[in-house]
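For reference, chains read A, B, C, D, E, F and G in written order, and residue numbers begin at 1 within each chain.
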Amino acid sequence: MSRGSSAGFDRHITIFSPEGRVYQVEYAFRAINSTNLTAVSVKGNDTAVIAVQKRVPDSLIVAESVTSVYQISPTVGCCAIGLIPDAKFQVKRAQSEASNWKYKHGYDMPCELLAKKMADLNQYYTQNAEMRSLGCALIFISYDDEEGPTVYRVDPAGYFRGMKGVSVGVKQVAANSFLEKKIKKKSDLSSSEAIELAIEALQNSLGIDVRAKDLEVVVVSKENHKFTKLNNDQVEHHLNQIANRD
Amino acid sequence: MSRGSSAGFDRHITIFSPEGRVYQVEYAFRAINSTNLTAVSVKGNDTAVIAVQKRVPDSLIVAESVTSVYQISPTVGCCAIGLIPDAKFQVKRAQSEASNWKYKHGYDMPCELLAKKMADLNQYYTQNAEMRSLGCALIFISYDDEEGPTVYRVDPAGYFRGMKGVSVGVKQVAANSFLEKKIKKKSDLSSSEAIELAIEALQNSLGIDVRAKDLEVVVVSKENHKFTKLNNDQVEHHLNQIANRD
Amino acid sequence: MSRGSSAGFDRHITIFSPEGRVYQVEYAFRAINSTNLTAVSVKGNDTAVIAVQKRVPDSLIVAESVTSVYQISPTVGCCAIGLIPDAKFQVKRAQSEASNWKYKHGYDMPCELLAKKMADLNQYYTQNAEMRSLGCALIFISYDDEEGPTVYRVDPAGYFRGMKGVSVGVKQVAANSFLEKKIKKKSDLSSSEAIELAIEALQNSLGIDVRAKDLEVVVVSKENHKFTKLNNDQVEHHLNQIANRD
Amino acid sequence: MSRGSSAGFDRHITIFSPEGRVYQVEYAFRAINSTNLTAVSVKGNDTAVIAVQKRVPDSLIVAESVTSVYQISPTVGCCAIGLIPDAKFQVKRAQSEASNWKYKHGYDMPCELLAKKMADLNQYYTQNAEMRSLGCALIFISYDDEEGPTVYRVDPAGYFRGMKGVSVGVKQVAANSFLEKKIKKKSDLSSSEAIELAIEALQNSLGIDVRAKDLEVVVVSKENHKFTKLNNDQVEHHLNQIANRD
Amino acid sequence: MSRGSSAGFDRHITIFSPEGRVYQVEYAFRAINSTNLTAVSVKGNDTAVIAVQKRVPDSLIVAESVTSVYQISPTVGCCAIGLIPDAKFQVKRAQSEASNWKYKHGYDMPCELLAKKMADLNQYYTQNAEMRSLGCALIFISYDDEEGPTVYRVDPAGYFRGMKGVSVGVKQVAANSFLEKKIKKKSDLSSSEAIELAIEALQNSLGIDVRAKDLEVVVVSKENHKFTKLNNDQVEHHLNQIANRD
Amino acid sequence: MSRGSSAGFDRHITIFSPEGRVYQVEYAFRAINSTNLTAVSVKGNDTAVIAVQKRVPDSLIVAESVTSVYQISPTVGCCAIGLIPDAKFQVKRAQSEASNWKYKHGYDMPCELLAKKMADLNQYYTQNAEMRSLGCALIFISYDDEEGPTVYRVDPAGYFRGMKGVSVGVKQVAANSFLEKKIKKKSDLSSSEAIELAIEALQNSLGIDVRAKDLEVVVVSKENHKFTKLNNDQVEHHLNQIANRD
Amino acid sequence: MSRGSSAGFDRHITIFSPEGRVYQVEYAFRAINSTNLTAVSVKGNDTAVIAVQKRVPDSLIVAESVTSVYQISPTVGCCAIGLIPDAKFQVKRAQSEASNWKYKHGYDMPCELLAKKMADLNQYYTQNAEMRSLGCALIFISYDDEEGPTVYRVDPAGYFRGMKGVSVGVKQVAANSFLEKKIKKKSDLSSSEAIELAIEALQNSLGIDVRAKDLEVVVVSKENHKFTKLNNDQVEHHLNQIANRD
C-alpha cells in the first residue's frame, strides 16, 4: 500500500476511503501476524484437526500456560492467532455465547452458528466508532451429528467460511497453497491422513521440521466428539509417519 | 472525481460538501465492487429471477457455504452484493424485519415494504454520524398475489426502486444496458425466457460463458411462491437453451 | 462563492461563519438539484395544482414506482424534490405528523400547520450538531374549507411560505420568473387555467415540450378536496390546450 | 475585525478568544441582518408601537403569510428580525413560555419576565457547546397595568433592556440615532406621536418614503391592551400626517 | 502574554499549558472589562457599601432597567461586573442558592457561604470541559449579626476572599491602590466615611467627577440589615461632602 | 523539557507520550507554584506540625480569610498549596470523605486512609479524559493513637507517602534538603524542636527571617489530638528560640 | 522506533497503525521504567518468591510506607512496578476482585484466575477509547494446593503468563537472561535456592551488591501459604549465603 493514498483516512475508525476501503480493518489483519505463529486446520472424513505451532517465547515461561487452542464448549474447539490479549478476549466471548446458548436451548450451540455469531460481532466493530477491531483470526472445529466434521474460519472483518482446510497466521499463504494442492489430489481423508496433512502443511510452510513439543494438535472425531489434544507421543507418532512417508 | 475538490469533506460522515454531495455514501458504493461479483435480476410475466455469479475464492472453502442469495421470508428472496460481512448484517436485519412483521400482522411482509424499510435504514445511516453506511447493494424478489412477480433494488444511499430487470455489482453497467436492449424488444417474458435472459445478461457482461456450478439462480413464480434455488441440472438446461439459441 | 472565504467554517455543521452564514445549510440547497428535476405549483381560485417532471432514469425501472408526489393525508399532497432517500424520509415524517394530528384532534391536520411543523424540524437540524440537514425541498398543497386552495413551500433552512405559485428544483429560477410574469397579468385562475399555467411554466423553464407521460400533475379542488393525480388523457388534454393557445 | 486575530477561536462555539470575546455570538449578530429588514419600536405615554418593514421577497408569495410581528400572548407582542427559521423558533418558544406561565399562575406572564426568560435562554446558548446561538433579535411590547407601556429588546448574546425606543436590523444605527435625537427633544408622546415617530424613524433610516403596504405597525395601548395591527388605512393616515408635518 | 507561547493550549478549555496555566480562565477575566464599568466596595465599622458606575449605554434605554447591583436575599446584596448576560446568569444562580438555603435551614444563607458556593461553581467550570467560565466578577455585601459588615469578592477562577475594600472592573488597579492607601491610614470608618471612601475611590480611578445619576450606591448597615439603595439626594449629599472636604 | 519533543502529546489529557509520560500531570505540578507559597511539615516524637507562609496578597483583604491550612476532621489537618480554587475543591472533598467515614464507621477516618483516598482520586483524574488534574499539593497531619504523629504528602499525580518531614511549594527543594540534613543529625524531636525545625526550614528556604504574622503554624500532639493553630505569641516565642539558638 | 513512521497514529488511543500496532500500549510499557526499579520472581519446588529493590527516594520518607509488594488476599501476593499511582490503582482493583470472589464462592480466588482477570481488564483498556492503559507491570505469586507454587506476570497490553522465573522493570532484560541461564542448569530449587536465585538475579542485573535494607523479599511456600515478607535478618542471611557461595 502506498502511504500517500491513505491521506488520513486510516485514522478514522469507521469511515470509507475514496476507494471504498476501511483501513483500520486492514491494519487489524496485520496485527494477526504479530505473534509470528501459523495454524493449519484440516477437515477429514470423520475428523477435524488443528495443528498449530507452539512457541514458548522464553524458557522462563511455564510451557503449559502457553497455548493457542481453547475449548469453547464440550464439542467446539477454537484456535486463535494474533494479539494474545485480543485472542483471549475473543475466546472468552465465544465461551460465553456458547454457554448462553446451552442454557437457553438445552443443547450445544452448533459450531456454524457460533462462528457466525463471532463474525457478526467482528463486523459490528468495523461499523461502529466506539471500539477498535480485534487483531486476531479464529478457527473453529467441531463434529456435528448431521454435518460430520466442520472447520470454520473467522477474521477481523467479520468474514466467515466453512473450509475443507485452512491456515491462518504469518505463513498462511504457503500453507494454504500446500493444502489446496494436496486436497485437490485427495480430499477423502482418514483420521490419520487429516492429522498428518495438517502437520505436514505446517512444516512445509515453515520450511523446517517441527518437533512434537513445538506443536499443538487438537482433534474432534466421529468416535470422540469431544475436543481432544493429542499428547506428545501421539504427535511424535504422526511426525514419524510423515517422515517415513517421504 | 478529482481528489482536489474533496478537500476534507470526504472524511466527515454526515456533512455535505460545497457541491451538495455526501462523499462517504459515494465511497460506500465503491465498496460494493470489492467482491468483484455481478448479479442480474429479471421480472417475467409470472416469474422473478436472480442469477448471480458464484465464485468460491479458493478451493479450500466448502463450496456450499458460499452464496450471495438468502431467503428473507418464505416468499421473499434477496441477493446481496458487496462487503460480505456488511451483506450478512443487512440480510440478518431484513430477516428480522420480516419476521417481526409476520408476528405483528399475521401475514408475510410485502416485498415492497421490506425493500422500503431497508432503504429507510440505509438513508438513516447517511444522515447520522454514529454508524457508517453499509457497503452492499440488495436485490429483493417476491411473488405478490396482487402485483405478480416483483423485483426491487436497494442501495447504500437509501434509494429503492421497483425494476423490470436490474443488475448490481462490478459489471452492472454492461449488464443493465444488455437488459435494457432486450427488454425493450420483448418485455413479455415466460418463465424460461426470464431465467435465460438473466443468465444471458450475466454472461454477456462478464464476456465469458459461465458454467452451471459458477452460477446461483433463484426464482419465485406464480406456481411456486416460495423462493427456490435451481439445481445444477436445471441451470445446465437453461445454459444449453441459451447456447442452442445463439 | 469563493472557496477561500469559507476557511473551514463549512465543515462544522452548526456554527456561523464570520459573515453570519451557516454553510452546511447552503450546501443542502445544492443537493436539491442533484436529481435534476423541477416542480411547479400554482394556486387557482378553486384549485391547487402541482406539475412535476417525471423522469424514469432508465427503462428497466418499473415506471409506476417513480414519483415525486406523495399523499400525506386525505387532503394534503406533497411534492418532494432533491435527494430521493432524504425526500422519502421527509414524506414519511410528514405522514406521521399528519396521522398523529388526526388521532389526537379528530380532524385532518391543516396544511399550513403541517408545512410549519416540517419547517420547524428543518430549522432544528440547522441548529443541532447531531444530524445533517436534509437535501430536499417540499411543496404542500391542500384545499382548506376556509382558506380555499393553499400552496406552501418548505426548504432545508426551515423557511416556509404560502405561495400563489412556486417552483422548486434545478430550473426554479426560470419557472418562478415565468410564473411571476403570468400571475401578475392574471392571478384569478380557473381550474384549467391553473393546471395549464403550471404545465406551461414547467415547459417554459425546461425549454422543451413535455409529453404527458413525462409529467405528473396532481390537483386538489373545491369539488374534490382529495389529492388526485390526473391520468394521461387528462394531462394530454391540457397539453393540447396549451399548444392550441400558442 | 481583522481575520488574522481570530486564529481559530471563532470556530469553537463556547470558548473565549484571548481578547475575552466569544466570536460565535458576534457572528450570530451579523446573521440578524441577513433578511435586510429594520424594525423600530417606540414607547409613548399610553402606547407602545412597533413599525417594521414588510417586504414580500417575490410577488408569488401570499403577502398575508409574510410578517415579522407575532402575538405571544393576549397582551404581549413581538417583532423578530433575523434568520426567519430562527425567528420562528424563538417566537414558538416565547409563546410556549407565556402559556405555561398562564397555566401555572393564572395570569398573563409580565412582558419583562418573558423578555428576561428569552434572554436567559440566549445566554445559555452562548455558554453551552451543544447548540448554536440563534441569529435573530427580538422586540417585545406590552401594556402593563402598573408600568404602562413597555418595550424590551433581546439579542443573541442574552442581553435585554427596557427601552424608550429602539431599532433592530440592518439600519438600526441610523434609526436609533434618529430616535435618540427626537426623544431627547420630546419624550412625552401621545399615541399618534409614538406611532408616527416609529414610522418616521424607519423611513428616515431607509432613506425612502415607505408605502402603507410595505409596513407593519402594531400597537398596544391603555385603551386596548391587546396586541393590535393597524390596517392599511390607519397606516396610510399616519403616513399622511408625517408627510403633512414636514 | 506572547501569543507564540500559547501554541494551541488556549483553545482547549480545561487543560494546563506547559506553564501550568489554564488560558481560558485568563481570557474570562478579560471579558470582565468588556462593559467598561468599575465598582468599589468598602467595609466600614457598621456598614458595607458598594459604589458602582451607572452608565446607560444610550439614551433610549429606560434608565431604571440598567443596574449592576442585585438583591440576592433580604440581607445579601451583590454587584456583578462583566458580560451582562453572564452576570444575570450568576445573579439568578446566587438567588436560587440563597432561597434553597432559606427553605432548607429556615434562616438566611450567610454571605460567606454564598460567596464560597459561587466560587466553587466557578472553579468547577474551570475544571470541566462542558461549559465555559463565566466572564464576570462578583462582589457580595451583607451585615452579619456576629461578624458585622462583610465584603466578599468572587472571580471567574473560583477565587474568593473577604475584603476590607475592593474594586473590580476596568479601573480596578487604580481604585484598589487608592483604597489601600486610604484604608492603611484609617480603617476605622463610620458609615458616612465608608460610603464616601467608596465613591471617592471610584471617582479617583475614573479621573472624573461622577454625578449622582451616574452612580449606584448600595449599603447594608447595623441599623438596617436590608440591602438598600441610596436615592439621588443621598448620593448627592455624599458627593458634596467629598467635594467640600477636598 | 524541550518543547520540540512534546509534539502535541501535551494537549491530550490522558494519553502517554512516546517516552511514557503524561504531560498534563506534569503541567499540573507547575501550577502548584503559581501562588508562590511554601509549606514545611515535620513529624516529632509526639507532635506533627505544619508551618506555612501566610501572605495576604494585598492589604485590602481581610487577613483572617487568608489561610492555607484547613481542618478536615477533628483530628486531621491539611495544608493545600497551589491554585486556590483547586485547593478549596480538594479540601471540601477531603472533608466530605472524612465525614462520610465517620457516619459509616462511627469513628474518625484514619489519616493514612484519607490521604490514600485523596491520592486515588488524583490518580483517577490522570487516567480519565473528562476532568483535568487539580493543580495543588496536599499535606495531611494527624495524631494516631497507635502510630503517633503522622505526616502525609499527596500530589496531583496520585502519589502519596508517609513522611518524617516534607516541604511542598515553590521553595520545596531547598526546604527538603534542609530538613534532610537536620533530621539525619537528629530525628528524635520534642514538640518544640519539631515546631522550630519546621519554621527554621521555611525561613532557610526563603532566605529571609519570617515574622510571626507571616506564618501559619498548626500542630497536633499527644496531649492535644485536635488540630490547633498556634497564636501569634506562640509563633513569636518559637521564632525567638530559633533566633537565640543561632 | 523511528518517529517518522508513527505519523499521528500514536495520539489516538485505540486505533491500529498501518503496521498493526497500538502505539499507546507500547508507550505504557515505557512508563513502567519510570520508577527505575527492578523486581525478580522465582518459582521453586515448594516456594514462590519475589525480590524487589526498595529505594526510598529521599530520607524524609517514612521508610515503612515505601513498598512495591502488596497482599491481595491471604494467599496471593503481588509486586507492582511502574507509575506508583497506577500501581496502587491496580492493586486496589485486584484486592477488590479477590474479595468479591471470596464472598461469592466461599474460597480464595485462585491466583491464575486473578492474574487472568487483571490481564483482561488491561486488554479492555487497549481496546476502548475512554481510559488510558495503566503504566505498570504486575507479578502475582501464590501457593496453590494442587499446582504448588505459581508465578504470573501481567503487563499493560493484557498479556499474562505462568512463569518459572521472571523479572520486570528497568533491568528486566539482564535479570531475565540471568534467570534463564541459571534455571536451565537447575530448575529444581529448594526454598533457599529459590530465594537466593531471585536475589542474585536482581544483584546481577543491577551490577551492584544490594544491602538487606534495600531489598524487599516476599515468599509463599508449602509450609506457609500466607504471603510473608522476610525480615532484615533473614534477607541478610541469604545475602551472606550468596556472598559465601561466590
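FYI, a residue touches a chain if its C-beta (ideal position, glycine included) is under 8 Å from a C-beta of that chain, and two chains touch if they have at least 3 such contacts.
A quick map from chain label to UniProt name: A, B, C, D, E, F, G = Proteasome subunit alpha type.
Given the structure is predicted, the values throughout are model-derived calculations rather than measurements.
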- Message: To test your reading of the model: what rotation angle superimposes subunit C on subunit D by C-alpha positions, in degrees to the nearest 5?
- Response: 50
- Query: subunit F and subunit E are one sequence twice: same or different residues at the contact, by the over-half rule?
  - Reply: different
- Query: Counting in whole Å, what is the centre-to-centre distance of subunit C and subunit E, each centre being its mean C-alpha position?
  - Reply: 57
- Note on the structure: Taking each chain's mean CA coordinate, subunit A and subunit G are separated, in whole Å, by 32
- Could you tell me which residues belong to subunit F and also touch two or more other chains? none
- Item | Round-the-ring chain order [start: subunit A; next: subunit B] | A, B, C, D, E, F, G
- Hey, which residues of subunit C end up touching subunit D in the complex? 8-9, 12, 14-22, 43, 116, 119-120, 122-124, 126-129, 157-159, 161-166, 176, 179-180, 183-184
- Spell out the part of subunit B that touches subunit A in their complex, as residue ranges. 1, 3, 6, 10-11, 13, 23-24, 27-34, 58-62, 64-66, 83-86, 88-89, 92, 130-135
